[in-house]
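If you scroll down you'll find the structure; I have some questions about it.
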Amino acid sequence: MAVNTPESGPRPITLVTGVIGADTHIVGNRILSMALEAAGYKVVALGALTPADEFIKAAIETAAAGIMVSSLYGQGELDCRGFRDLCIEGGLDDIVLYVGGNLVVGKQDWSEVEQRFLDMGFDRAFPPGTRTQEVVAMLGADFQAQLAAP
Amino acid sequence: MAVFPPPDGAAPPLSAAAIAWDDFDAMRAANLARWPTGAEVDIDDAVAFHKALPRHKQLGWVMRQADAEGRCLTQPRGGFGTLELQKELMVCLDKEGHADIVPTTTDSYTRNEQWANAAQGIEESIKAGRSMLNGYPMVNYGPKVTRQLIEAIDKPAIVLSGTAMPRLTAEIGFAAGYSGYLGSGFAYTTSYTKQTTLEDGIRNYQYLDRLAALYQEKGVELHRRQPGFLTGTNIPPSIAILTGIIDALLAAGQGVRNYGLELGQTLHLVQDAAAIRMCRVLAEDYLARQGFRDMFMPVTSLHWMGAWPQDVAQSQALVAYGGTLAAIGGAVSVTTKSTHEAFGLPTPQANAEGLRTTRMAVYLARHIRLDEMPEFKRECDIIAAEVRPVMDKILEMGDGDVALGTVRACEAGIMDIPWSPNNHVKSRVMPARDADGYLRMYDCGDMPIPADVMSFHEERLRERAAKEGVPYDHDLAVASVYEISEALDKLSPFPWAA
Amino acid sequence: MAVFPPPDGAAPPLSAAAIAWDDFDAMRAANLARWPTGAEVDIDDAVAFHKALPRHKQLGWVMRQADAEGRCLTQPRGGFGTLELQKELMVCLDKEGHADIVPTTTDSYTRNEQWANAAQGIEESIKAGRSMLNGYPMVNYGPKVTRQLIEAIDKPAIVLSGTAMPRLTAEIGFAAGYSGYLGSGFAYTTSYTKQTTLEDGIRNYQYLDRLAALYQEKGVELHRRQPGFLTGTNIPPSIAILTGIIDALLAAGQGVRNYGLELGQTLHLVQDAAAIRMCRVLAEDYLARQGFRDMFMPVTSLHWMGAWPQDVAQSQALVAYGGTLAAIGGAVSVTTKSTHEAFGLPTPQANAEGLRTTRMAVYLARHIRLDEMPEFKRECDIIAAEVRPVMDKILEMGDGDVALGTVRACEAGIMDIPWSPNNHVKSRVMPARDADGYLRMYDCGDMPIPADVMSFHEERLRERAAKEGVPYDHDLAVASVYEISEALDKLSPFPWAA
Amino acid sequence: MAVNTPESGPRPITLVTGVIGADTHIVGNRILSMALEAAGYKVVALGALTPADEFIKAAIETAAAGIMVSSLYGQGELDCRGFRDLCIEGGLDDIVLYVGGNLVVGKQDWSEVEQRFLDMGFDRAFPPGTRTQEVVAMLGADFQAQLAAP
């Protein structure tokens, strides 16, 4: 079941969502996608079990302004390596990249985990149990900032 | 998708019938050839190994014995990326956790037959000195090496491998000496895959079940088990039980006779007891109707499978209550979680603690039964009233063949799974918690649930919406996904503060 | 013994009648003169302070409100030897523990009116930098200083002080702004003292109850509470309820109208629910018969009061189950313990964890009631059948006066307490756990329990002895003292290991 | 209820038991007293709430060979100070002194706690949850050793 993506308002910002790698955890990603739509974004939901390259393909095709990568199953640390490079190869140099879920194996210190993913080139990483309101708020702020920037 | 290869060779049309033995030999040969360690599999050597195990290390016998003695056994989950880490884990779960059944969870690359990635994961794990995989890469290590794990413990061992592609992992696992194997074609395909067709998933597990039957033919009764927890996200008992019956019929068709049914807890004492009871009653009824009168189907109750709270203290209550619910419900075993659930794979110690807390909870509640409670009987009736029309329709759509009926029923939405990632089920059914904590159906999609039952669900859910002063809409279902994971100040604040 | 002074002045003969107000003034004057801080007590200032508290910090109102709303509030225990440590503790229990009711447990010197020793304990604690006292020395600090504790929290506060000599501590506690006070003449004298006569203990609590009534007269409804847990060691529900009725009658006689009854958990789901229900039913019945129709008597359920296991994980199950039992039993509040119970006073954090685990457990089970269960009804009937003949006999022996009747009944063994340290009760009654986990009476001493009820107990206990292959003797009672504290490998080992 | 102390065999060894200070925890002490009697000792059980000097008085009067002090409520560290000195003043220089229960306030490292009580002059200190079999065995061994010693 793919989340349908209605136009909401004049030229809405497009976002690609999906769960990366061999990860089947769709629930949070689906709820997040619903929340982003409700917030007025055009959401291209790739669903669970999505290889990294499919995110980039979809982002190019839909001229997306951001990619929301979910990883819950613990192997995100392996799956997300070089994700930013793939974007750059695809010409998406400054596309907004968020990642969230249970990003690593086991209960690890969050600040370290966050740093690992920022180093991989993600703009923001979110800890387990993050609520959608928070994500929507952050995203709004970041796009505001982008527009503001000369 | 490359990660989901079609079943080997030209296959006969899908049906619930047993795979012919000589076809099966050919299928096995092709399957074992897919990765070097496949060559290590020698079924007669494996049979000898199983027969040499003391019976208390044979899960088939242990489950029957526990059922006969009215016990509720404890079993955790657990898998790490290297043999050393995995051995340490299993010994800890056995000795420090007092686990009655010791698990080996495979990693997600292995589950998706990405063995090359798994190999890399092993190296990375060794380099990093911590597990980079979320489970044990059993195929990469192969049966010979993996036997060290069986020898390191004094309990029966079970393979946990959530996937629609179990064929090679199963060969390795049984050859290594695992006497239990969790997984089934319908449940796992609908909850762990996106594009895999039900037909492919069912065929893959028919292979696994046929393999178990082959061991049976050679005198080793293995314990097969069905993961009725599905997506773990607010699964109403009737839907879990329907998948149990479907997969049990498919397994019986291949010759399996020792088949456990798992149910994720709803966290409602009465609903869970009713679910455990009716799961067995309805499964035995439908299997008997299809001519399988000697299928042993013990029920396993699973600690809350939805989202957990971040607070360790709150999680302790879920762990303990998980034992209470399993014991009172009369489950033959309980599968445990830990206080780390919301964060990540538990450490061996945290995992062992979850086992001990659960074991104590089981001890404290072992005498309690709700059989005589009118509310219990009401819920039993509701479950039966939901299961029968759907199951009958499925069999009807398959002209008596459950494999065909299931595929067609899912296409039509007659059978549906909540929150499924799979493109071949509609996933329109929407469960939500009512004002009394019962899991009800806000929307049953196209499932033929009787109107009077659905209006009962609606009435109960409207009562909750009214109580909470929220609209009666599908946000009830979303809120129910979060509910148990909420922090206490949101879940039950001090009522009267200024 | 010097530590047990007789009541002040020439006292009128013991009776359940209210103390005359002018006698009471004299008694108060003498009492307050016993330690310097007594001079700080000004009841009208105290009344003003209580009236200025928001109602959610007044336990009398909070208990009535919780009962009306069908809530189960959480309350821990806790006391340390200095003001600073105590403040830190109470703030932690309020904020980190989400406690609905915040406690102050006094130390044992204070309980025995050894205020000089307590003073030394304070110094030693400050020197050692850790608490050398097992509670807060409230009398030494006095009401003015102690108010800082009430101001530091945003919940109602209760004094916990297990003693037969509460008179000065109560004056200080109420004056400091505590709106709840636990303790009673019969229960505490029989479980916390050795030589103190029941007459002395009853008189001391008549003073405390009269003091609460004085606040009532001045417009402040305080919450008094009875510690039916007694020696905490396998107390059968009927015995706890009997002490509750006795102490409630004594309190009502002094003018108290807001009086909670505490019951230690038996750890049997059905028995505890029956105990909670029948405690209130029987208490209201007997109070009404004695002319007290407006006595509010909410029941509080207490986490297991007997010996705890040393394993933190096992203890987590007791903590969580304690919340489950209280919620399902319909208790208005639950008093919590922690995973440190077997070792010593918990740290504030461990104590707060116990509160949160319990709160979550209460949330999960808040909807469940066993009312319609035949087994529940059977246990309710058994409890009534045990309580009524004993209570009727007690009142008869006192020619209608419960104070006299209780003293005489204990002399005669008609009323008895298990494992009591007090020389004035026979302590011949011997409880033990039966094969189904129920607390039964192996021996009821000279209590007039009907023969058919005792033969039921015997039959159930013989079944246990048979099951365990042990003789039917009073070692059953001793084994039952240890049972819950045993390690898992003894309590529920893997059944089939070689 | 005092545990009665029947003669068991020719001149049985006498032991004084009790719970020291303002401590009311009688259950374990009573069960211990029963176990010691069952093991053939003559037990003088002082019960709960027993001041230190009463232990010594009873030990002198009954020519006891040992004193078994229980302390559960946490204040034993204060109550047991100088217990050995009191014995010596009373002429019980080498009477066997055991102490057990929950000896200190809170969950503290046992080896440290044990040392504190050995320093106070107790021959042995026992941790929370000690079972009676263990105590009876130890006691037997210690008296054997005493007899063996010249």
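Order of writing sets the labels: A, B, C and D. Residues in every chain begin at 1.
Here is the rule we use: a contact is a pair of C-beta atoms (placed from the backbone, for glycine too) under 8 Å apart; a residue touches a chain by one contact, two chains touch by 3 or more.
Because the structure is a prediction, the values reported are computed rather than measured.
On the document's contact criterion, could you list the chains that touch chain A and likewise touch chain B?
Correct list: empty, since no chain touches both.
Could you work out how far the Cα centre of chain A sits from that of chain D, in whole Å?
68
State, to the nearest whole Å, the distance from the C-alpha centre of chain A to the C-alpha centre of chain C.
56
Any idea how many Å lie between the Cα centroids of chain B and chain C?
Here chain B and chain C have centroids separated by 45 Å.
For chain C, jot down the residues that touch at least 2 other chains.
Residue numbers touching two or more other chains: none in chain C.
Could you say which residues in chain D touch two or more other chains, in rising order?
none
Based on which chains are in contact, what kind of graph results: line, ring, star, complete or other?
Shape of the chain contacts: a line, open at both ends.
Let me make sure I understand the interfaces: which chain pairs count as touching?
Chain pairs that touch: A-B, B-C, C-D.
Name, in rising order, each residue of chain A that touches chain B in their complex.
Going through chain A, the ones touching chain B are 1-2, 19, 21-24, 26-27, 30-31, 34, 47-49, 73-75, 77-78, 102, 104-108, 128-129, 131.
Okay, in this complex, where on chain B does chain C touch?
Spelled out, the residues of chain B in touch with chain C are 54-56, 62, 65-66, 69, 71, 98, 100, 154-155, 267-270, 309, 311-314, 316-321, 323-324, 328, 352-368, 370, 372-375, 436-437, 488-489, 491-498.
Once bound in the complex, which stretches of chain C touch chain D?
3, 107-109, 111-112, 114, 117, 120-121, 124, 130-134, 162, 191-195, 231, 233, 307, 310, 340, 342-347, 419-421, 423, 426-428, 478, 481-482, 485
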